[in-house]
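The structure appears right after this line, and notes come after that.
Going by the order they are written in, the chains are A, B and C; count residues from 1 in each one.
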């Protein structure tokens, strides 16, 4: 089985941030030469997530608000994990909710994304 | 690597609905001729989910109720994504929670599903 | 495509429990002889989850507490699934949230896990 592995690095400016990594992934898919198969995009930090969704600023706001107000408030005092000296237990729970990796089909050499496409799709990362 | 790609289309009657697509997926697995490997079942709309769970009407009710009352209320007014003219921000958040795709092992030519099997298993889709 | 399938069995002592299965998975990856590829670790019960996260007792407590108090209270009386005679509807909803399977890249013959590694990583199972 032909395989191609690549590591992407990101520097975030805020504690929680969504980054569109679609183009970087598509570039690696092209570099791999794979025509039929899939790409596994897996976070290398367990307080991060990789997901497929819309690149739309209102929705990005909704996702970050929802992670704080519904899924797991940051509030470090409520989590025992933070007794270790870390403050990011909430990020672990958010990552468990949103998922740690995605698999996207490669069909005819391209990322085979959801369609029709009202906005550009992306593979994002939030912690 | 032998690969087989197929697109399934569904027309839903309600805004949110669970559909058992197990038989359709199993048929494609048989058509592929693959004996050992896996099937990637990936939603082509980002407001949809694909998941593995019981085909049991009480549980389906519980899932839909939980999505509305715990995960993300439909209530369009609370989401900024809906300022774009859409009303489905909640469906995006529900899909982020339940997951966008599943990978099921193929062992000896069959979908290698959870067992023992009290009810029939399915790959469902909810938006 | 070389493939290697193995089934792991676990006996839990409590209704809900997290088990570190990393070593057992790594052993199977070594047995497979696969140098570049991936391992699919898929739960064979739909009320169970497989996930990647820290092996840290405070965090494990936080996860179990969060599943009960935020994601889906066990409280059998509130779910229609339990009209079938089962009492585990909450476990189904928890599994839908945390995910049913993970895919971990195999790079140079090893599980290519998140890093840097403050604690040992694991593939856990909770129901």
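By definition in this document, contacts are C-beta pairs under 8 Å (C-beta built on N, C-alpha and C of every residue); 3 or more make two chains touch, one makes a residue touch a chain.
Note that the structure is predicted; figures quoted are calculated from it, not measured.
> What's the rotation angle, in degrees and to the nearest 5, for a C-alpha fit of chain A onto chain B?
Rotation angle, to the nearest 5: 120 degrees.
> Between chain A and chain C, two touching copies, which fits better, same or different residues at the interface, with half of the numbers shared as the threshold?
Under half shared, hence different.
> Using Cα averages as centroids, what's the distance between chain A and chain C in whole Å?
Using C-alpha averages as centres, the distance is 19 Å.
> Of all residues in chain B, which are in touch with two or more distinct other chains?
In chain B, the residues touching two or more other chains are 1, 97, 99, 103.
> Residue numbers of chain B touching chain A in their complex, please.
Listed in rising order, the residues are 1, 3, 5, 40, 42-46, 71-72, 79-84, 86, 89, 92-93, 95-97, 99-101, 103.
> For the complex, give me every residue of chain A touching chain B.
Residue positions touching the partner: 1-2, 36-38, 51-54, 56-59, 61-63, 66, 70, 97-99, 102-105, 107, 112-115, 118, 121.
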